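The letters A, B, C, D and E name the chains in turn, as written, and every chain counts its residues from 1.
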Amino acid sequence: MILLWLVLVPFIGGLLCWQADRWGEKAPRWIALITMMLVLIMTLVLWLQGDYQLPAMNAGADSIRWAMEWKVPWIPRFGIDVHLALDGLSLVLIALTGFLGMLAVLCSWKEIDDRIGFFHLNLLFILGGVVGVFLAIDLFLFFFFWEMMLVPMYFLIALWGHSGSEGKTRIRAAIKFFIYTQASGLLMLVAILALVFAHHANTGEYSFSYADLLQTPLSENMAMVLMLGFFIAFAVKLPVVPLHGWLPDAHAQAPTAGSVDLAGILLKTAAYGMLRFALPLFPEASQTFAPIAMTLGLVGVFYGAVLACGQRDIKRLIAYTSISHMGFVLIGIYSGSELALQGVVVLMVAHAFSAAGLFIMSGQLFERLNTRDLQEMGGLWGRMGSLPGFSLCFVAASLGMPGTANFVGEFMVLFGTFPTAPVVVIIGACGMVFAAIYSLILMQRVYFGPSLNDQKFEGLDGREFTMLLGIFALVVLFGLYPQPLLDTTSAVMGEVQGLFQGSLPAGSVPMSSLAGGGQ
Amino acid sequence: MGVSMSYLPLTFLLPLLGTFILALSRGHMSERGSVWVGVSSVGLAALVTAFITIQFMSGDQSAQTLTLWTWISVGNFTPTIGLALDGLSITMLGIITGVGFLIHLFAAWYMRGEEGITRFFAYMNLFVFSMVLLVLGDNLMLLFLGWEGVGICSYLLIGYYYRDSANGAAAFKAFLITRIGDVFLAIGLFLIFAELGTLNIAAILEQAPAHWATGDSLVRWAALMFLGGALGKSAQLPLHTWLADAMAGPTPVSALIHAATMVTAGVYLIARMHGIFDLAPDVLHLVGVIGAATLLMAGFAALAQTDIKRILAYSTMSQIGYMFLALGVGAYDSAIFHLMTHAFFKALLFLSAGAVIVSCHHEQDMRKLGGLWRRLPLAYMGFIVGGAALSALPLVTAGFYSKDDILWQSLAADQKGLLLAGLVGALLTSLYTVRLIIGTFHGEMKSDHARNAEPGRGLQHGLPLILLAVLSTFIGAMIHPPLSGVLPASPGESTEAGHTALELIAAGTAIAGIALAAWLFLRKREALARLVSGGPGASLWTLWNQAWGFDLLFDRLLVRPFRILVFILRRDIIDALFGLVASITKGLNAGLTRTQTGRVRTYATSMVLGATVVLIFLAFGQ
Amino acid sequence: MELAFYLSGLVAVLATLGVVTGTNAVHALLYLIVSLIAVAIVFFALGAPFAGALEIIVYAGAIMVLFVFVVMILNLGQGAAEQERIWLKAQTWVGPSILAAVLLGVLVITLWRGNTGLVIEGETLTAKAVGATLFGPWIIVVELAAMLLLAALVTASHVGRLPSATSGEHSGGDQ
Amino acid sequence: MNGIPMEHGLILAAILFAIGLAGLMFRRNMVFVLMSLEIMLNSAGLAFIVAGTAWEQPEGQAMFLLVITLAAAEASVGLALLIQLYQRFRTLDTDAVSGMRG
Amino acid sequence: MLTSAHMMALTPVILVCATAVTVMLGIAWRRQHAATALVSILGLNLALVSLYLVYSAGDVSTPLLVFDRLSMLGMVLVLASTLACLTMSHAYLEGYPGRKEEFYLLMLCAAAGGMVLVASQHLATLFFGLELLSMPLYGMLAYTYRDKRSLESGIKYLVLSAAATAFLLFGMALLYSQSGRLDIAGLLAGLESSGGGAWALAGAGLMLVGLGFKLSIVPFHLWTPDVYQGGPGPAATFLATASKAAVFIVLLRIVMVAPAFHVEWLHTVLGGLALLTMIVGNLLALIQTNLKRLLGYSSIAHFGYLLVALVVADGLAVETAGIYLITYLMTTLGAFGVVTLLSSPYSGEDASALHHYRGLFWRRPYLAAVLTVCLLSLAGIPFTAGFIGKFYIVALGVEAGRWWLVGGIIAGSVIGLYYYLRVMVTLYLVEPGMRGRDAPDNWGMKAGGVVVLGLALLVIAFGVYPTPVIDWMSVLTSPVH
């Protein structure tokens, strides 16, 4: 039942916020904050109470075990249930959602000054949708939430966004975001339905249940096509490079809270989807597809990095770095080793923090400078209190500085992938250099160099300082002691890996290609 | 575990604490407070180090480890936050905290009155923290943590004077080029882990010989990757170009990071991973060759510089080249020994240069200085002692002992080519050192900055210079790093044939170089000036001044293509392709909208058209 | 009988052509009446005298009179015919005519190909039979026809009011 | 010769239908448009009669009756609209009634 | 000929007709707007209730009409839509200076036509139901004829609809010629025994033209936006909902009971039209700035999706069509309802230009929220009924393996998103100097407001918990009991 509440609380809170608008400006903010805190606390309580280190099961669908489950029939006609379940992976991501939700509320405390109630309604609805995505294991329900979170996000960008440079309006960005994700989502719907009908043809029963569908035997081609349906949906959201077009616009034009949510959580739903659905449902097809996916990941790493270097808009820059980072996530997911998969989890969490930090930072810069154009910045170092210091910290995190969680994640992915795909890892490691380039360009352009004037700006107030310090503390904490995270998700990842590797042709060739190259 | 081990974490926690205090002060701390925190944290760390060293030396000197916690544990991937103490790391630790403390102290004088001194000490402390972790880490992950940490601190400190974009660019370049090296190191890590299943250094050194035969291609790759990492960090060919630019930072930074400690991390790494390199002799040889090449290249480049710090920077490259040379011939302990003495005298030289620079109102162009020896006696002393050690003046300087050792080891390893390079390098060293001292301290004062030079005062100024000067003499050479059990035996240990002769030759080279230089720069100044003002001499000067044109090469080869790529892609071409879809849709819309004429006739016609098509399909379709 | 059919068919076609190509509304209406009567003769020829009679009475009689009436009310005058001539330029009618011809062609080919072989004997179907059908099983349709006519009536009375009536509307009540 | 082949009757109806269609498509005067519509409806009625007599069933004529009813209703409403059209636009040109487009 | 069972089954239709007559008599006696509306609503409600009785009495079949589950479904849809339209008409016509009452009369007649149409199993009733449905619509569309646009839409619809009827009739005649039967079942049986036939195929094609026109299927769609835009709000709403639903149901019946129509080519043609319709409809709406036109285009597109059910005509098809129709009706009624409530015939043209709606949310939050929900539903976003509908359609396409159509649905939906979102965001944009809450407008008191709000709630409720409707639908669309 608590799972249901996890989903419902943000929605209820959102409606309350909307209505609370009439009681003054502060009311919606506080309600939203408390709501997200509630979610976070519930998650943490679950974390402390539950045991997520279930022994990894031998591959096979019947072995799926959830730490917690809640199920009521919804549309019996098609065997659709409201079926929520929690395991380590979803727990971690929900906790992340709660935390970043609080951040999003906090960072819009001053930025948003009109239509506050409605703003928080949208914000909380997004978060509710995301929690739903992380909990739903009925494919219909999953899709339901998957699509559901788009609308409020759309509003967030379209109504409270900033008009971008070069004639890119926020509405255009919002529509682009929506169309990309919705179009790909429909592909997923088709894939889900095809899977369901395949199951129906097989057993004579309709079911959207994850556990049932895991066992659906599919022809090789069919599995590949359906896998692609899922993959494309997730690839758009992740985003994987040829399908990334919405992201820079959306990020750049969204309000800070939107960017934080977008980068911090929404992108993670894609990785979650791949881990939860695309891989386990179609292990063989995924296995076959893995080289392509990893190549796409690599392309993303470099394409994002190169484009980040060419941006003038600070938020666009950060957006492209997200693309680059998500390339590593993709590589990790399709490497199929437990180490890499665990690395993906850490990387997701880490990226959520670092990107959130960077976006909050750029939001604060915007509040002070009223511009996001890098060319209008420069020489700000000594003039902004501790903001530059924090920027530095998050830049360091984003370039994968050891000691930050990003490093742990990235390196675990690379370590884990190396035995299966050394070439990919070697090329991917070069991405570290590019990461350095774009990260430092950010520092360089904003804080270094001659300043345009000597105006002093307000330093960080207590709220901002606490917020940034909190994020950075977490970045460092998980950078130096990610074990709690890893323990929580190890069972899940072990299972994913089991399913994935179970389909691996025997006698894979780990190092031979590199060794061969060395002769 | 000895008592000392439990104190070991203090060596890096204290500087870290300093960083925290300074960083969280949010700029409210007074200059005095910042200095106190910044200096004392390293000072205390140095004390702890001294205590540990005494304990260690009085014990059996065996390696000890301390695992604080398991960093990550997934399957067999279990890097720890674990420290290992042995002769090598304690040597490095001593250098870092000891020399580091002196430099911090000097910096308190050097940086007085600067904006953001809190920031400066925060970075410096963070640097010490990272560097200590680098040398203490018992596994490669932790080493990598320190490795990257020092990199970012170096970046920050080079770019400390952030208002000048050139400084920023220099910092950027430094970070980027070392990062390229880091990528190699990282790949080395992946390779090692994939093959050996561990990242623990001791375990690696233990398992490697069993896992690989000597010369196995994979171990060669691993060694190469480590070498790549070392090259970047230690500014060796071809990843050396950043170091000269790195002089943009405050001079204490150059002393600490770009002379004494960080740049020698590559040497440390190779020495640390000797087990891997021993399995790949050709890579080890490559190390020596690169070292030799670098020392020559940098020697010539140093000859043609006018900025005193750049001369020192190239001299640093050159001296690290010696260390690599030593590593290349398998004389690991000689390399470390030279690393240590170099830390002393190069720190001395840099600090003295710093004294000159501050005294002369941040003028560091040799052509605008001169005749300062009377005004700045302490700095002059520092330059004389440091310079002597650098040019390895026989017997009295520490540099003589260490460099001589390297030359001897290369002879003993029968590497004649490397030996020759070393000797030529020695000659060059003497030449540029004397040129530097004469240019700065003798002749007439060439600018108002020099004429108005104010000598530094105070303990903070004097103590580090004097202490380092003492350590740069033969006294410093009497410190023998306890490396015997850690590193394999040097080739020179088994034989003594020809040692004396070589010592004589080396001493002769150094003295001859000094004499030649004195003659050239004191007597033949005009002739030299004429030589470089035109003809082939000028081209050679330019070539050396540009350090053989590597910067230009990289610019053409890498930077420009990258810039062009960025420029081409900046509008996101792939996204634009998707925009095409939108345009097509819009076009279709425009076309279709034109059918909505609003006229009944048109509508009726379309109906009839539709009906006709449907009928044709139905009538003739099947 | 066949002769009547083909002849009156031909007349119907020609007269109809006259309708759609005519420029004078009244003339066109007269052509239409001719056409309708010709069709009525076709009905007689086919053996549906009841339908033929209705055709003449209702179609050619009532409906066409309505048309004439309206045309008279509007009193379009000579300019209208001129206007029609201008509108009826070749470029206006060629396209649609070709289209209609194509459609016709397709229809004719289909009709020809799908020949069922049924032949109309000309056996007379009396009004009685029709009435029995209509007021037997089809009674509902007849009722519906009443509704339809009611709707048409209401519509016509509402929409077709003349300006005088419209202006009267402003003062409120009518009826 | 006994009787008329059914397709002949239908072809006659088709010809009339097509002529009506053509008129509908190229006439601009609303009166003619309405007349064209009447022609089309009439041709459909003719087709019913043809089919009904061919099958010797009264239903064809019953359908014709319905068609004729419809034609009458259609004509009355159409003419009412025509009058109103003339009132509002002072023309019978259907092309003029194209305020809404795009 | 008519037994009491027949009479019983006919009660709903009779009730509606009787209401119409009562209204007519009322008009003749004394014009009273509110009373007329009340009587009409009462009559329709009675008809709805009687419908339940008829349903529980079981299937009844007269020679021309059949009262089975499908017709029950159709009648419910028609009656409910008519009710909604009527309620909105009251709000809409309240300020109309001319004669208001005829509108109700016409709408009731049309509703009766729709009911007959959905129950027809004979070409005569099909044809006449359709005409009874269309004929009053001419009047309704041109009702506010002093507005040139209203008149224009009336004329356009009359001319084109009559032409479509001619096609339909000619098609029927051809079918009749081929088979000699007019009742649909017999006709199809006859065709089957004769093995199809070119005439029948051509006839079917021509009928398709006629019915396709009413459903505004491309390329017979051109009239739709003009007529929707020009017609008075309630008339356009009726046209978009009740009229289309009834026509679709009858098509559904034909296709469902027609084994002879399982001619592959007919399905291919139908499929092609469906594809064309969904794409073209959406494309046309892309940059439309008039909300009513936009809804018109959107309804074109939606019937493109719905056609998939006819193309597949198997498995889940009927259920899908039913579900989709319901979602479409709810949503369209809501959307048009808001437009209608914001319009008034005596302030000239209906408020349908998009700029009227700029910042609506900050003036009339509830109406804007309703419109938002409806637009989301039209776009097929989860939490709304539209999503369930789209889910069904896609499921159907996937089940039947009609990948082209599925692709078309996806492409169409994506294009559709663009304009729905564009409209939606307009509602929330702030104009400078515009703040504050709901305008002091007691719209909530009016029945129209309640209806649209209720519709929006229904849309959401159905989107969140569709089970009851799905169950109901699977009963209604299951083969005859």
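FYI, a residue touches a chain if its C-beta (ideal position, glycine included) is under 8 Å from a C-beta of that chain, and two chains touch if they have at least 3 such contacts.
Nothing here was measured: the structure is a model prediction, and the numbers come from that model.
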Checklist line | Neighbouring chains common to subunit D and subunit E, by label | finding: B, C
Checklist line | Chain whose mean Cα position lies farthest from subunit D | finding: B
Notebook entry, point to check: Among the chains, which one keeps its Cα centre farthest from the Cα centre of subunit A?
Noted result: C
Next item on the list: Using mean Cα positions, find the chain sitting nearest the overall protein centre.
Entry: A
Item checked: Comparison of C-D and B-C by number of C-beta pairs in contact, larger one -> C-D
Next item on the list: Could you give the separation in Å between the centres of subunit A and subunit C, each centre being the mean of its C-alpha atoms?
Entry: 69
Item checked: Inter-centroid spacing, subunit B versus subunit A (mean Cα positions, whole Å) -> 37
Next item on the list: Could you put a whole-Å number on the gap between the CA centroids of subunit A and subunit D?
Entry: 64
Check: So, what's the distance in Å between the C-alpha centres of subunit E and subunit B?
Finding: 77
Notebook entry, point to check: Out of subunit B, which residues touch more than one other chain, so two or more?
Noted result: 593, 596, 598, 600-601, 604-605, 608-609, 611, 615, 619
Note to self: For subunit C, give me the residues that contact two or more of the other chains.
What the structure shows: 95-96, 99-100, 103, 106-107, 110-111, 113, 116, 118, 138, 141, 145, 148, 151-152, 155-156, 159, 166
Checklist line | subunit D residues counted as touching two or more neighbouring chains | finding: 6, 10, 14, 17, 20-21, 24-28, 33-34, 45, 50, 52, 54-55, 57, 59-60, 62, 66, 70, 73-74, 77, 81, 84, 94, 97-102
Checklist line | Every chain pair in contact, whichever chains are involved | finding: A-B, A-E, B-C, B-D, B-E, C-D, C-E, D-E
Next item on the list: Name, in rising order, each residue of subunit B that touches subunit D in their complex.
Entry: 593, 596-601, 604-605, 608
Margin query: Which residues of subunit E touch subunit B once you look at their complex with the stated criterion?
Written below: 155-156, 159-160, 163-164, 167, 198, 201-202, 204-206, 208-209, 212-213, 218-220, 222-223, 225-226, 263-266, 268-269, 273, 280, 283-284, 286-287, 415
Next item on the list: In the complex, go through subunit A and note every residue touching subunit B.
Entry: 241-242, 244-245, 248, 303, 306-307, 309-311, 338-339, 342, 379, 381-382, 385-386, 389, 392, 396, 401-403, 407-408, 411-412, 414-416, 418-419, 422, 425-426, 429-430, 432-433, 436-437, 440, 444, 447-451, 459, 465, 480-483, 486, 490, 510-511, 514-515, 518-519
Next item on the list: Would you tell me which residues of subunit B are touching subunit C in their complex?
Entry: 601, 605, 608-609, 611-612, 615-616, 619
Next item on the list: Spell out the residues on subunit D that touch subunit B in their complex, using ranges where they run on.
Entry: 21, 24-28, 33, 94-95, 97-102
